[in-house]
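Accompanying notes for the structure given below.
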Amino acid sequence: MAALTPYTYIRCPCSDVSAPGRPLDGSSPMAAAADDNGAGDDDDRTFDPRAPRSNYSLYPLEYLLYCEDCHQIRCPRCVAEEIVSYYCPNCLFEVPSSNLKSEGNRCTRSCFQCPVCLGPLAVTSLETKPDPSLLAAPDNAAAPHAGPYALTCSYCHWTSAEVGIQFEKPNGIHAQLAKLRNGGATRLTAKERKERRKDPAYRTQAAAAPAPATAGGEEGGPSSSAEVLDLETQFANLKAFYQGQLADPNSADSGLAALSDLGFSSPTSLSRIMSIYTGGGWQDKKAKSRVGAMREALEPDEGLQPARLDESAAIDRLRSEGHGATASAAQLRDQPPNLGEAHLHGRARFASELRPIPYLLRTKRSKRCPVCRHIISKPEAKVQTTRFRIRLVAGSYIPSIAVRPLPLSSSSSSGSGGSASGPAVVPGALLEPLRPAHYLLTFKNPIFEPVRVTLGAPARTPGRFASKVTVLCPEFEIDANTDVWDEALKESGERDRDKDRRRRRGEEGGGQSSSNNPHHSQLEVGKIWERGRNWVSIVVEVVPASLRLAPGDPPLREDEDVLEIPMFVRVEWEGEAGGDDVGAAAGRDAAKEAREKRELAYWCVLGLGRIKQT
Amino acid sequence: MSSKRHSILPPVSQTGPKPPVNFSSTITIADSALLTGTHTITVHGESVIHPRARLDSLAGRVTVGRRCVVQERATLGAAAAVPAAAAAAPPAEAAAAVTLGDYVTVEVGAVVEAGGTVIGEGTVVGVGARVGAGAVVGKHCTLTAHTEIAAGEVVPDFTVVYSNGMRRTDKRGVAELKNKGLARQIDVLRRMIPSNPAKFA
Amino acid sequence: MSRRPPRGEYIETDTGNKVARKATLVGTQNIMLGGKTVIQPDVMIRGDLTRTVHAAAPQPASQSATGAPPNNTAVSIGRYCFLSRGCCLRPPGRLYKGVFTYMPLRMGDHVFVGPGSVVQAASIGSHVHIGAQAVVGEFAIIKDYVRILDGAVVPPNMVIPSFSIVAGQPARLIGEVPEGGLEAFELRDLYKTVGNNPQPVPP
Amino acid sequence: MSAPAGSAPLPHRSVANIRSPPGAGHHPSGPSTPLRPIPSNFGSPSSLRADEEIIIVEFGTRKLQVGFSGDPAPRGCVWFGPDQQRRVGDFREWQTDYRYDWRRAARHGDSWGRDHELWQYDVRGVDLGLVGDKIERALSEAFTKYLLIDSRPRRMVWVLPSSLPIPLLSAALDSVFSRFQPPTVSLLSSPIALAVGAGVRSALVVDLGWSETIVTSVYEYREVAAKRSIRGGRMLVEQTHKLLAKHLPEDQGGSESKQEYVLSFEECSDITTRMVWCRPRQHSDDDQPASGSLPTVQEHDDAEQPGDSPTPGRTSTVTIPLKSWLSPTSLELPFNALSEPCEDAFFDSHYSHTSFDDHELPLPLLVYRSLLQLPVDVRALCMSRIIFTGGCSNVLGLRGRIFDEVSELVRERGWDPVQGKGVEQLRANPKLKRRGVRQTGESPMGVSSPPGDGEEQDGVWHDAANTAPEADPIEEQLQRGMDRRPRVQGELRAIESLGAWSGASLVTHLKAPAVAAIDREVWLQHGAAGAVRASDVDYKAQRQSLGAGGLMRGSAAGSAWTLGVWGAV
């Protein structure tokens, strides 16, 4: 098991509103789990981090944004996104959104992923057969840029030549690939086909194009006269056929036939198509009489495709070539839909039928608050820049919580470093069942007003194995964050900060004996462990449950041995009434303005560590 | 980097005995390479041993073929991580710990365990890969980074081992070209890496 | 990272670089450090593997006392980079116009290279986190704000755009760096925690 | 596992009223007049709407297919699995030392692989909220990764198995309406979409799905009957596991069969997709050697014999690497053994047909019975428009095998629900002979079988046959429409469909209005309870609202709306 470093997850309040569905009865374990997690919906009942649904509502702090107008946390789930720009992750070219509709969601240059291992493919000349691991560019000592070319993977050394795909030109691979079947046979692209549709030569041409040798299902050869339509063609033919039918030539409004390209449909066809959905029958004879005009597709040209049930050829191939020659399920899933081939029944099973994967485009997205529609995050449009115009992250509004094991065997190392460095306990060490352990929670206040934090944690963690939890100091204040320039001068200001820290300790010495000298390991309830400029550390005591299973119990689920504490955090502070930018430097002179109380409350989950299994 | 030195090469404790060596006159071996062991270490013509490469002949002879490149931190003849139980026959072990064919590249931090382990011609042992004791890797294979070849395993020629042990056959047919490329690389390395065979003689 | 080394383990240069005495730097005159960079023990940097293609004349071997021309930089590292124990930086090499040559390895600011990782990239941007035991293949191009998880194997020639989280063998995109995750790439604090008189980690 | 919604036959599904019940309201001179002006009204909005993409989502038990209407194929396909159910920012699956501990996940036998499913049709104990979450996450992944669209509201069309239980449907709608805010979601049942995708108006859709196999008869774009069997992909994978476990050396007897799983689900399903095949029908074990004489069967039979007969093939073995076993190993087993899972899962030929319950019929029997159940003219159409679909239709040879078995059944039994003495009498019946010859399809028949014929032989369907109005206007029209192009019928024939998703894409692209279209506001107000039965909807009103509301928006708020074949609560 991987060593576990303590972590904090925050539950976005948006998860409370949507609580669709409840299990119909509590008989099954799943339902039981659901009951626990249903509790998460209202705050007075404990939120169970282990309920299956919790995984969908918990986020690390850095994934959360914050709306300054609603003063609310926003998670990836509840923000409204808008796309700023599209780009190819490989060539980093920006793609205008207009191209998306036409070219689709993948890079149309020469950026491909290896169908075998997903590594990047490089165009290499087959003449000089260069080894991409040695030469990224073709070696021009021998015939420079001599075709033909192939796509080659520099990681697993797959090459498109293996599946009989070669290119004349080293650029515009995407376009070339669209015309190629595995095995090298050429095919018509959709556009060409559209032109040829009326052309009588089309049929002969299509017939001439041999079925790919690799197509297991088709090696039997065309048993009937019908040609094998690839998906694209069959779709196109069907579409043309239906639209032709809907245009309904022998009906009064035949003039509309012209519009049929728009997929526009005459009333007749409307009623016709509508009956696709109606369970009931036809209401009016008139519609019916027109309906007759719509018939079924009867030929491949109209999209009808008789099935070839004879897959014996493929079976033989499977028999002879065995497991090694087949593509794994994962590889098949990564394949883009191959419109260039016939229906995938009993096919696309062999590695030789894999095709290079054009890179999926990626997007830059800006995010809005779903409630007030204000933008809360907006990156620069340009692909190469990493700046943000707006970036309101929760981290600069709500206190961060750092979890660290507290070495109570007050070794000198933990003492000298104060709260800072206590590496006495090995990070990720297993927790002893039933032996009290202490953890230091350090709350750091990012905003420029002092905040008051109230913690609520159940005495026993929910789930099968209930560990005891005691938050020694459930209520405390954190001083305000100081100026931005301090951040800037952090490096140099390091010493001052230490002084600052020490000074504060001194001040509070009287009030808080425990924080006065943290090395003494007596823990006093209701006392802060240590306090800094804009942070406070408190202690949580846990008594890990024993993971011993009664005979017949189901074994541990994944991560069931992790000690997770659900904790309800309530943060209160006073912001200026305008409340526009609490986080900005301007916040400093907020003190002069009118104040208004603010409150933020949410569940979070502290993962402390794994409990040793006995 | 104020110092006048052109390298910071902290001394490494030369553990174990100094092995008898049998170097071709044309090899390039950095003087910070580490050779230990009791059996003979043979390095054939035009091979390059990078700094901090480790050749260990305690378990048996270590032989490096012609035009091989052993990169920094690569280890030939490491003691078997898991004692090769049935895989490697003890007598063979005593005879030959590791044998590299010609044109073999052993990349950074790769480990070839001792025990009659053989790496075929033109094979590339990737970064941080580990070849178990007694394993026999065929010719022109590619072991991608972090690949583990179990002790005693046999890898046929032209095999590519990738993504944690997936295997496929290299159908590019670029063997001789790779060798040519390697030769060119060696030409350059010989000029760059100060060779000091004398130190080990 | 916050282990306390014995005094004097590091050479601290006037530009604030902290170079462990136990680090192995070959061809130091071809290694450029931007300053405030930490090089931990057992790190290895191959500055001797310089590009040879631009000059017809054979390059001076790395140990020859002649100061290398500036364009000979083999490895350039920005500010606040952190090279953890046992990692290795190595310029990528390839055949170019029929001649084999190494190309410089350039690294931006705030680049963390995890323990035991081997980096042979052509360029690495700023604010990049490379986990432990990772391998970055030759001529990979890594943009800013990229996180490479432990044990990932970035294949040669791969391009990794900004805000990517990659992992696996070979590495692939498995996630995007969230808006709130950018600060985590800052290495100033980490810089202070090592050296001959390390500062404690601020809470 | 028939679902609540499915088990209660909905009015339109029952065979009795495939044709419009005469009472179904012959509105005098219906919408035709109001419709006349509509084209002009439609013209502009539809052309405007042309560039606004409609999202089509096909729901499967294991995967979600998502894309834009008008595309021939979905742009993205999201599979459900344990990794999809982790917390955000949890990348453990990528840690080098991490291995998904499926043994833990499979707490008890039946949960083996359950975390790869979106839902179970047996909704008892299903956490509907969780289903909603899964759908939401899968959809948003598809949107971001494949469709590259932002979260501006878009209209959706869902393609669903018509047997989907209402609780699941409403859970899905709840989650999608609340998270993605589509103005409307239109529902389309996959069998019909498949028919459209195949270019036919009637079909027998054999959906070899994951959790079950459903045979749906579609007549004139209407589902008229459906039969299911639990023999589906899941069973196949389990059989594969059984096979592998049997061949594995360390073998805890029969114990591992149901309780203990020795291999991970992932691996087994992978091997299933890669290696499992289906052997062609055995001619030795059926006593009629004349089977070959069926022209329809002919081409497949003698095409398949070579695939099977060569003796070298018999002895050939395959080695399969196994990673998820106690220790990674590679297993050697005879190639033919890899056809056993298929036999056990789908055929069970060593049991007599009578020994099966209705929910576990072998597939050929299932297909045959669903054909048998149909009125003769419907059957004539459906039997020559058999569409195989679903994941298991990719098992090599399976479709051919089922087809052959069915034609064999037809050959030896004809369309006689009764066996035994009745058979002889019928054999003596000259009409049957003629029919028998015909349905072996020596030539595609131009005309459908005379009604009298139907009555005589399948007694069961007397009523169905009688309800058929003597002059069926549709038929007339169709006949008139294609006197020169006869329809293929009466002959067993399988055809390819583009698939449900593509079918839906076509339908949507043609801007057909959906009666089962749900308005967001309405749903959020009433939920499923607001739906009325499909049969109660006044289509005239619908069509008016269409005029107002636009093409896909079948239900403007206020007007009656329905969940279509998914019925009502």
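By letter and in written order, the chains are A, B, C and D; residue numbering begins at 1 in each of them.
The criterion applied here is as follows: contacts are C-beta pairs under 8 Å (C-beta built on N, C-alpha and C of every residue); 3 or more make two chains touch, one makes a residue touch a chain.
Computed from a predicted structure; not experimentally measured.
The chain pair C-D and the chain pair B-C differ in C-beta contact count, and the higher one is B-C. Closest chain to the protein centre (all Cα atoms averaged), using per-chain Cα means: A. Centroid to centroid, with C-alpha atoms defining each point, subunit B and subunit D lie 58 Å apart.
Rounded to whole angstrom units, the spacing between the C-alpha centres of subunit C and subunit D is 56.
With centres defined as mean CA coordinates, subunit C is found 25 Å away from subunit B.
Note on chain placement: the centre of subunit A and the centre of subunit C lie 29 Å apart, centres being C-alpha means.
Touching two or more other chains at once are residues 60, 62-63, 76, 117, 130, 133-135, 155-156 of subunit A. Looking at subunit C, one finds that residues 95, 98, 133, 137, 151, 153, 168, 170, 178 touch two or more other chains. Contact with two or more other chains is made by residues 144, 146, 162-163, 181, 185 of subunit B. Those residues of subunit A whose C-beta lies close enough to touch subunit B in the complex are 116-117, 128-131, 133-135, 152, 155-159, 161-162, 324. On subunit C, the positions that touch subunit B within their shared complex are 13-14, 17, 19, 21-29, 31, 33, 44, 46-50, 52, 58-59, 61-63, 65, 88, 90, 93, 95, 98-102, 116, 118, 133, 135, 137, 151, 153, 168-170. Subunit C meets subunit A in the complex at residues 2-4, 94-98, 127, 137-139, 143-145, 153, 155-164, 170, 172-173, 178-184, 188, 192-193, 199-203. Touching subunit C in their complex are the following residues of subunit A: 60-65, 76, 87, 89-92, 117-120, 122, 130, 132-137, 139-141, 153-156, 362, 367, 377, 383-384, 386, 388, 391, 393-395, 402, 417-421, 423, 442, 444, 490-491, 494, 497, 532, 535, 537.
Residues 89, 91, 94-96 of subunit D are the ones touching subunit C in the complex.
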